[in-house]
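So that we are looking at the same thing, I have put the structure below in structure tokens.
Going in written order, the chains are labelled A, B, C and D, and every chain counts its residues from 1.
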């Protein structure tokens, strides 16, 4: 007699990415998932692009010129940022999974995010001003 | 001393075969009352068709879990003062990830069946090691007293867990925490139940369950500990074989 | 010959226990409840597995019922009980004066009792009032209200009983001769009404039994007598704590999970559907409770609630007997097919069910005896194991 | 797709995940942080371009020392394993049917293996270009 509304269903997977009124852990989970998808996409793009190396200097170096294009550069910045965020959050998950700091997982997350921002700023200056 | 607030109690309504909608009830409440009292008064004086589940009114039975303003709460110990203010609305919806029987009442049958599958302990010795360390100081340490376990099977963690929202097959925080409470070494048959696709490996460390747990169970931490137990058991089995 | 069909109205302690007993005696039982299990008074008890000590002096009949049932429940449903015993403590002269009568009455009701010297009591329970003058160990205990009911309901369901929750009885179906042969029910989850036929209808609605019998034009002498209970967020004691005096307000403190529950008061009420909690009663609980356990003053309330006891018979409040009554309305009002059971304590739910089932079986000339005394109940989760 | 769980019994343990898959993901994770850190440094410091990126010749020269292709291949294997196991975890959260899961698992394995083979071939060819 109960309806099937409100039940677990994978159709509402976008709810992972909008953890409003949820705890910091869910934001970390959403952040981790978005960065993971981005990085995996970049990984295979990166492999294909490096294939140009095999076709000799002309193809590769001309592609390199593209990195001056602001959009591509921004894309690369996003990849760097995503890698740092995902990496540090991953460390938090590894630590808590083995019981280290599991009672202070929030502080761990905030701490890692501060480090992430510092490192990202460093790379940003390196990429844009350096 | 009893202050009076005028609030709008906004309740999720749904009868079988009808589309769900929200009903508003203008109510005068005492802010030091609990949310369940407001819901019960809405039933008693405003609309007798409101269905909701409640029993003990002091967080020992686990029947009155609902989402209050979007966050899972035990409505019997949630003061109205803590979740709204004078002249505002108080939105009450059923828990997520459970089939809705009607309005605020959900069917927690599958969740209880999962607790039964891991044979969750209903009563345990008072001096059993507490999750916190140093363990809470009980009145008399060396006693052999028995108390009801911390987990009151209220389902808040099931509603809050993002992974529970993906599949009904996932065991969920409370059953996994109950498995950890047993310990794989004490109950080896739990290994195959928790070391699987619907067990400890689906948890993605959102820690939502611990954020909403009203009864000191800290399921997230227990899941992490359970993972260590499973990895330890699997490795020792592997090394044992090698 | 198909099994006789019995409808039980109300899924509180009495209703689920009666369903369990009748299912064991070969009846086809349907429990009809407007809310869910323990929706009424049963849920909002403080959870005292009564040893009868509190009523030994003034209400021996219900005291004996309590101690017998206390020992049975510990055997048949241990997984919902904190069996840590109880303590009666005397704090002033009038308490000491009461001790004499208390010992005699307990022995008379065969309630096991052991007097403790104050320092021994303080050793067992360090958080009680240090000014304790005398103390008695007694076999009290506490239970989880919902799970006690679910254990009975789960076992009943396992033995074939069906549960229709969120079904509200709106009237009786009468046959030609003015006898009850069914109930008119509103399925509140689907907003549909239906009629259910039965050989016997049992009215086990406790404090609401007056309202239900009124639907058949009768009145049941039940007097809803509410009492307040306040739960605090620390487990100060392992045992149930009682004040050694004539039963009065705020003289019971019970441990439950990581809390203590302070109870209770006793006064008359008209509207049973909603009984407001009043500030003066909350203060009274804090005051009286901190006499027994001073530590309560610096703990926080975690749930304050009111529950209406279904007391039967004359008088009011404290003076009323705590025993239970079972009426076969064939004898009382010459209306066949309706039996009302009300009164009693939470602890005596099995005995109330046995008596009701005896009356129902007599009407249906079923001879199988009651076996609930020695039938262990299944896990309370069994109620959810087999869907309806 | 979500049927009512009103009467559904608790299903048997489904074998889609186990300790080893998780352990590999958890071990490759921190390993990646180290190797990726190295990779960032190399990409943004040793290159001759102003942004530090490496031109074609930089790459060839960089690959002469045989340890470099070894590190790059190790990096490739870890990152592909880690990301595809993670991706499979996300697919699991879509509650796939058994057949969908098996198909996707084999697809991911195929994708992973071909990426690794391609990467190794690429690294070796670049290393050989130099000589």
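Everything that follows uses one rule, which is that contacts are C-beta pairs under 8 Å (C-beta built on N, C-alpha and C of every residue); 3 or more make two chains touch, one makes a residue touch a chain.
Fair warning: this is a prediction, and the values are worked out from it, not measured in the lab.
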B-C versus A-B: which interface comes out with more C-beta contact pairs? B-C
What chain is most central when centres are computed from CA atoms? B
Separation of mean Cα positions, subunit D and subunit C [Å, integer]: 62
Here the gap between subunit B and subunit C, centre to centre from mean Cα coordinates and rounded to Å, is 26
Distance between chain centroids, defined by C-alpha means - subunit A, subunit B (Å): 32
Inter-centroid spacing, subunit D versus subunit A (mean Cα positions, whole Å): 14
Among the residues of subunit C, pick out those that touch two or more other chains and give their numbers. 189-190, 387
Within subunit D, the set of residues that touch 2 or more other chains is 2, 4-7, 93-95
Set of subunit A residues in contact with two or more other chains: 1-4, 7-10, 13, 16, 93, 97
Per the touch rule, the subunit C residues reaching subunit B in their complex are 35-39, 42-44, 47, 78-84, 123-127, 144-147, 165-166, 188-191, 229, 231, 235-238, 255-259, 261, 271, 273-274, 277, 279, 302-305, 379-385, 387
Per the touch rule above, subunit A residues touching subunit B in the complex are 1-10, 12-13, 15-16, 19-26, 28-29, 32, 92-93, 96-99, 102-103, 105-106
Within their complex, state which residues of subunit D touch subunit B. 2, 4-11, 13-23, 89, 92-95
Can you tell me which positions in subunit B touch subunit A when the two form their complex? 14, 16, 20, 69-71, 94, 96-102, 106-107, 160, 162, 164-168, 170, 204-208, 211, 218, 220-221, 224-225, 227-228
Over in the complex, which subunit B residues touch subunit C? Could you list them? 1-2, 15-18, 33-34, 37, 40-41, 44-45, 49, 51-63, 76-77, 101-102, 105, 108-110, 112-113, 115-116, 122-123, 126, 138-140, 143, 145-150, 152, 215-216
